[in-house]
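Naming follows writing order (A, B and C), and every chain is counted from residue 1.
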Amino acid sequence: MNELLAGIGDAFSLLIALDPDLLEISSLSLQVSLTAVLIAAVIGLPFGAWLSVSRFRYRRSAIAILNALMGLPPVVVGLIVYLLFSRSSPFGVFNLLFTPTAMIIAQTILVTPIIASLTHQTLRELWFQYHDLLISMNASKWQRMKTLLWEGRRGLLTASLTGFGRAIGEIGAIMIVGGNIDHLTRVLTTAIALEVGKGNFPLALGLGFILIAIAIFINMAVHILSKTEREGTW
Amino acid sequence: MKRIFAASLIILNGLCSAAFASDMKLAVTTSFHNSGLSAILLPEVKKDLDLTVHVLVVGTGQALNLARRGDVDAILVHSKKAEQRFVQKGFSPYRREIMYNDFVLVGPSLDPALIGRTGNIGEALTRIKSSGQPFISRGDDSGTHRKEVSLWKISGFTPKKFSKHWYKPVGAGMGAALNTASAMNAYILTDRGSWLNFKNKQELKLLYWGDEILYNQYSYLPVSTEKHPHVKMTEAIELENWLTSSKGQKMIAEFRIKGEQLFVPNAKSSP
Amino acid sequence: MELFPLTLDKAVVRVKGSQLLGPVSCRISSEGLSVIMGPNGSGKTTFLRLLHGLERCREGEIEWGDMGRREAMRSQSYVFQSPIILRRSVRDNIVYPLRLRNVARAKAEREAEKWIREVGLEERMHLDARNLSGGEKQKLSLARALITEPRLLILDEPSANLDGASTRDIERLILLAKDKGCKIIMATHDFGQARRLADDVLFFHHGTILEQGNAQAFFEQPRTLEGRAFLRGDILI
């Protein structure tokens, strides 16, 4: 209990002092996870929409696999990305290992199935609702996907935020491909693990509270911004 | 949609091109990093050589693996046999001894196995085993883990055959293993630096040290440019020269935690 | 390319094994307002969906003049029984079919505003369309259907559940489209509405057409027993 209080205390003193290291790792956390979510959305949203409006032979299996991929183990993804980008590997020449880019790639792989699957689940319902209208109006497949994505925008925002939640709190993959290098690839989660390793629980907890606060802040900010977009009448 | 894509590309690009004037990647062991010595030395390296050293904190096993694949430019590890094999296979041109510290046995402050009064490490380990008190092993193939296994073997035991009721390999880094030990009030082998810097000691106490066999030699191994032409050999050698210079060696000797010296520098003038 | 005559030859529609319509044979000409009548479950909606290309024949044939199914669909508009409204403003709903046809936004919006005035939704223009009343939603559906200037307008009970005033507005809009030369086919349960609007009638029962012909003749002297019973208001099983 005392340690929890000390953690809260540490979180506040870090925040009040605007500790430059804290700002650096927090902003890298945000940069990496937001970029990963953005890329994952660019891939996952259209793919999920495509799955909802397409009928093909192995559709059911594809959906089952996609749903299963939502639970990809981060450490395994990290290891695979590491092995792909290691200097002795096919993509080694890009020299991306232990850079934020490698972390973004790993997190994109983790988040894309989540966004795609949740998109599919949301848009499947909408497709049921708008199927007749869109067919009647002769919308092309691409137009159907675009319309459903727009109609489902609110649910898709939640899907993307779910992906963000997974990314910002993730450690297994970015520890391996980022390496937790000070001032280069250290983010909140890897810094927390480091402090736990040193037995420095209050500081670890403090960083943890800051991580949670950032996640809450992003969620609220997105919801407030998107509601004001159109007089809150979705 | 197009705009989002373009924006993400720009961000990605920005991250990719975060290049540095002069830098290198050094994989070090947890025990070295947790001692806090790197935080003292690296700013001086930056000042003297204008060289930014990116430190990856991993176990010896992973450090050797990173070096073997050419993902780092040099490593600072402590596992003599593995290092010699590594050099033999040509992954590194040589190993250069930098300094040593020592391993210690930590355990419950009441010391139910009575290891505090033993004469050598073999006796201490035997007492722990026969007492049935819990013992935490790193179990992660790190330098410290390998050392621990070899100590058991010297004392005539095979850790693989130990009952898991008291012998618990946790498969984790030094810090995590120490956390487990303090949570279980168990015995554990650790390096002195990690122990002195560890903040979650609870009921644990330093109980046994001093046997010469517990000395822990740290060596510096640059990665071979023959295997990996891209590695930054120049920077790696610059760092090596600094660490073995009189200034570097003096700083290592003067490093103190709570008034205690942690590392004894022992670099020879040439590799 | 011509959509008419629209002919069905022993057409049968089956969905998952159950027969919803047919066999049905008929010929629909390019003019006038045809009303589809018949009890619930007699196949009216399936017939309309078949005409629009939303359902396919399992047996028999359907021909849209010399057009293929997709072209035929493009030259028709369909107003569903319960309005399907997109989650956007009234104007954006009406603009939507033009945007699907790649009409420039500014032009599409001008066109939409014309129709919004026509159906009397000016004050609702920028409102979320899902907040409209039932009557307003149906007017929106009509405006959205008419903005593409279809050759054939199909309506499935357009004024079901609407009050008198809304029904009158809807009928005015239907007649307006008819005056512009658009062929109308609509299903309705409202005898008054059928009498007011119909040029000819197709009377459905158990998935087939029992009577087809001049509206006045049907209402004054139905040829079949079922037709007479239906018009009397008896319960047809």
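Please note the rule applied: a contact is a pair of C-beta atoms (placed from the backbone, for glycine too) under 8 Å apart; a residue touches a chain by one contact, two chains touch by 3 or more.
All figures in this text were calculated on a predicted structure; none of them were measured in a lab.
Chain centres here are means of the Cα atoms, and by that rule the chain farthest away from chain B is C.
The pair of chains sharing the greatest count of C-beta contacts is A-B.
Averaging Cα coordinates per chain and for the whole protein, the chain whose average falls nearest the overall one is A. Distance between chain centres (mean CA atoms), chain A to chain C: 47 Å. Inter-chain spacing, taken between the CA centroids of chain A and chain B, is 33 Å. A separation of 79 Å divides the Cα centre of chain B from that of chain C.
Note for the complex: chain B touches chain A at residues 1, 4-5, 7-8, 11-12, 15-16, 18, 25, 30, 34, 54-58, 68-71, 173-176, 178-179, 182, 197-201, 228, 230. By the touch criterion stated above, chain C contacts chain A in their complex at residues 52, 54, 70, 73-74, 77-78, 80, 84, 86-88, 96-97, 100, 127-128, 131. Across the interface of their complex, chain C is touched by residues 129-130, 132-133, 135-140, 143, 147, 150-151, 230, 233-234 of chain A. The touching residues of chain A, counted against chain B in their complex, run 31, 35, 38-39, 41-42, 86-89, 92, 95-101, 104, 179-182, 184, 194, 196-201.
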